[in-house]
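Listed next: structures, encoded as structure tokens.
You will see two complexes here that share chain A, one where it goes with chain B and one where it goes with chain C.
Coming up: the complex of A and B.
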């Protein structure tokens, strides 16, 4: 079984000489990643910055991130799992069928070259994006890349971590874990936390029409979720807290504008590597913070229950 | 404070600090502390019951990035765990081997433990640890800063700049809002950043010429003393878990001669044999050394059979455990400071190694003569969940029960352990020492671990029962800071505990030295690095700068 070999981003800055982005486009989606953490910074054991590092990009199309890469490997859509599995075999000197490799859009030589670089690296890291985790194979792809990284530790130091984004999603996941034991998809309808992705995850609940009210905080599901989920958001009372009029707020029964976190509201965000960062607001907002609105809703509800 | 007064009357009081060994007397409480007498207020009739100071856990993993990583790794355990449903006085949660934070507070309190110390905190993620500690109700708490693999400190020791290293360590303790210093596999976790480990105590750490584990240990123990920290260096020795590691443990203890230190989860460091097939107990030799050296204290880190998850900063050991077991493996290296590994694990009675480990934990507790220097822990959750402490108490107090349990072990195991030859049975007073009075003293918490006038009114009352496992499993009353929080084993009221923090003396100009290094090595800004004091609710700060001046 694999695992989750991870590190904080400073380890990458200080040590990584092989950086692989897989199914992600950091140049456009995480524009500070190259300069703050992975490519250009001069770290403790990477004194020459970019010159000390090799970057590989694995993706289905040549995104702007390819310009930053030393090696770009373009694979056919939906073939990530096969490529990862072939790499796992190659690093262990197991035979691999070149014809099946060819179906992935890459050649066996390309994979051997990559596997060799992985094993020779002093400190290798793979960052994987939604091009891997949300395409054919989904969590099996995540499992494959994490297992590959775990197995590479038999040869050298190797890390794999997801390129998370969307505001403070890592913070939400972190707090839910310490309060309930689970990272997302938690159901309280029996009075204690239960977890079952597919049953209690948001899209599934909405598509099945299982919920009769929705509170959305700092997210814009109507912009990204499938149409049947959006239809249900329109059917039930949906309340949205957001610093701007989002797509979801437009279809919601109630929209409350709140102060923008990090600009006019303080708090703590968890970076993608789970390092907590305090936020100090630079501006004042005429709007209340999310926290204040939620607290007032809760107080009002509690007062009504008491009556 | 105006909290209600309370009189506990008719109970048999066990308070080893004051030499009370089952003496029938009243215990009075006002404003959250023990007082000589009260008039009025609630009266608890404790006839037929025993009255003890609340338990103190000197080494547990209950808050922060590492245990929260473990929670993420084992949803399968949560599913079979005890579910805590929401009531008017408590929040929902789950139990199991990594309880959610609120459940952790309720479960410790429901067992009679009222003070707990999180044993492993990096500065970089200390904000997270304190957030979780704040969400751990009822109990008082504190945490130890991981310092044994801090590269800035190691670089200073390489340059033989002990003086500056001391100021940096002091600054870091305050930055983390920690209570003490913890070293885990000193040098080994730093080596793991390149996929390596240290070999022995006297070979340099990879990347260094002068810094060896031995030098690190000696320097850090000295720093803890020079800073007048209330708790000495809290040490997780090198070579944890490995056959034959008792030799390293003995060498480490010799290095510490003339200095105070606390040896964490000693069970994991007391093994003989050359490999897994010749694995055996060396508890008698470790216990003998400890008996002769009063500068040292230790906690047991006993194991219990069953499923759990291992959580430690000892990254290289966890990688080995992953390879040995083939279970899931989580790893989290923290830039410049430390590491972390997670591997779910099951201790099996039929496994020779696990059976020896089970015996070693008990042997250490029984062979160390002075109960003031060995404390009850399971290194939660590594050896077993904290809520299983009553099982260990029964094994310590009842030699017949121990013999019964030994019958289940293979005869091969019996040749490798000494437990069958030990007849000692703990008295109730001795149990109070290893679970409360002793750890409180080792922590320098003079208001904990006893029932004298002025002590915090953290009191646990059990129905007297011939089976200590049953007795300790379900207190009749638990009183925290003078408030009755548990009755008949059930939470009645949720109060919030305090956090103990130490502010050691340091030269303020150390920040000018640290900031440029920091900007080079780290990925968060220097201003965002320390934990803000405002983040902590009910902080109780021990300023040792002032203590030394007075």
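Coming up: the complex of A and C.
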């Protein structure tokens, strides 16, 4: 386990000469990524912009992002972990089985070429998307790419960064991390934080029916989670805070409309590289902010004496 | 010491009940009233063991029998060093985690994290188990470091994750990533095996009896008839674990890996015709 080698997007812009997108489609999902940070901008150590950089796209199909890439590597669905593990062996000059490498959709020569480019790069970055993190293997796929990046630091500067989306998810991870030491899946029932994804992560708690009340803030689980989890949301008292009437709010016991963050509510959001960005509201909202609602719920609970 | 403590769960709790006090080290020598007063955690609230369980004490024994639907009861036998726990029915997560000695027998199904980070003792499950059997907790460098876990049925993903020492045998199928990051010890997988078995293993032995999709970082070494396996099978038979008689015969393909680490672990695949 190699930890999480990270940097800011400003460093990527100024230094990175090898950009690898893995299991993501930034041309359509993060349309400003190429032009603001990774490909075209001219940086301090990348004065010629696009000409100073090599872009590799690893994905299961040729998405519009492939047009921007110098090298497109098409792998078979669900073989990311195998490719990443083989790359870990190849960068250390360890042998791998060529036939089983070929089952991933890539040849050993392609992987050797990629490993060579990684080791020769002055500053390499791997951006990984949901095509990696949400397919079979899940967190172990993320672990594989982070470990590969950590091990590449024996040869050159290399980092791996998840392509986050959906508003302030990075902020939730970051704040939980500096308050409890853990990024998600944290349980407080014994009075101190405990971390165990699979036991305390939301989908698992809901599918097993381990919770008897749910508070949803700025998320829409009923639109994305598996059906057994949604059934449990319907069974227990569910309270939803959202700027709009979301799918979850329709099935919830209580829905509270709140001001939209960044439009009518201020605060801090974390960019995908975990740089905090302050927001000033541009408009006024008739609704309270999420923070106000949570504060008032907490005050009311603290005033009650019966448990 | 003779005598049995019997705990019967009255009704299934609606949220998880964390009851690490259900452990021979804690219960032995206590009276019925003392056992009833022991603390358990229902969600975030502290309750008495007697609020959930009928307690019968016969002598001052180190044998604990549990009855009822215990699927939401977690951490039974945590860190136990002696005695015996017998569970009649299904049981929840973390059974026998950190255990150092004694035995646990489950006449039913167990859940995730069975025997996680145990260092000694024996767990026998007659039904199925969940994932992370004998594993190391998240962030922990090593998993199980000794003892024996025997599962007659199937198990979930990450069986023996970061196993350092000890024996795990699964009669039925297992999920993906069996022996993930394993650093020693032995895993027997008699049923169907998921993908990515032995991923990132450093040391240790995984014995499989069904066709297996190996990672590209495992390399064929040889086909041979290892003598130590026959000793292992005899040992498993003395523990009452069903071993198909044909497994005692036949050769094994040996694959080494995981070269990504790089590791010196081995996967032995049964090859009856070789």
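Operating definition for what follows: the second predicted complex is superposed on the first by the 304 of 307 C-alpha atoms of A that agree within 3 Å, B and C clash if a C-alpha of one lies under 4 Å from a C-alpha of the other, contacts with A are read in each partner's own complex, and residues count from 1 in each chain.
Definition applied: a residue touches a chain if its C-beta (ideal position, glycine included) is under 8 Å from a C-beta of that chain, and two chains touch if they have at least 3 such contacts.
This one's a predicted model, so the numbers in the text were calculated from it and none came from an experiment.
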Checklist entry - Who does A:157 touch here: chain B (first), chain C (second), both, or neither? => result first
Next on the checklist: One more residue to check, A:7. First (chain B), second (chain C), both or neither?
Outcome noted: first
Next on the checklist: With both structures fitted on chain A, tell me whether chain B or chain C touches more of chain A's residues.
Outcome noted: B
Checklist entry - Which partner does A:286 reach: the first (chain B), the second (chain C), both, or neither? => result neither
Next on the checklist: Quick check for you: in the superposed arrangement, does A:188 touch first (chain B), second (chain C), both or neither?
Outcome noted: both
Item to check | Which superposed partner A:97 touches (first chain B, second chain C, both, neither) | outcome: second
Next on the checklist: After the superposition on A, what does A:81 contact: first (chain B), second (chain C), both or neither?
Outcome noted: second
Next on the checklist: Output the chain A positions appearing in both contact lists, the one against chain B and the one against chain C.
Outcome noted: 188, 190, 195
Item to check | For the chain C and chain A complex, residues of the former touching the latter | outcome: 14-16, 18, 41, 43-45, 72, 93, 112-113, 131-132, 137-139, 176-177, 180, 195-196, 199-200, 214-220, 258-262
Checklist outcome for this item: chain C partner, complex, touching residues on chain A are 81-82, 85-86, 88-89, 92, 94-98, 100-101, 103-104, 136-137, 140, 188-190, 195-199, 210-212, 307
Checklist entry - Inside the complex, what are the residues of chain B that reach chain A? => result 63, 65, 68-69, 71-73, 75, 78-79, 81, 83-86, 91-94, 96, 98-102, 124-125, 127-128, 131-132, 135, 151, 193-195, 319, 322, 326-336, 520-524, 528, 532
Checklist entry - Within the complex, which stretch of chain A touches chain B? => result 1-11, 13-15, 36-37, 42-44, 122-123, 150, 153, 156-157, 159, 174-175, 177-183, 188, 190-193, 195, 268, 270, 274-278
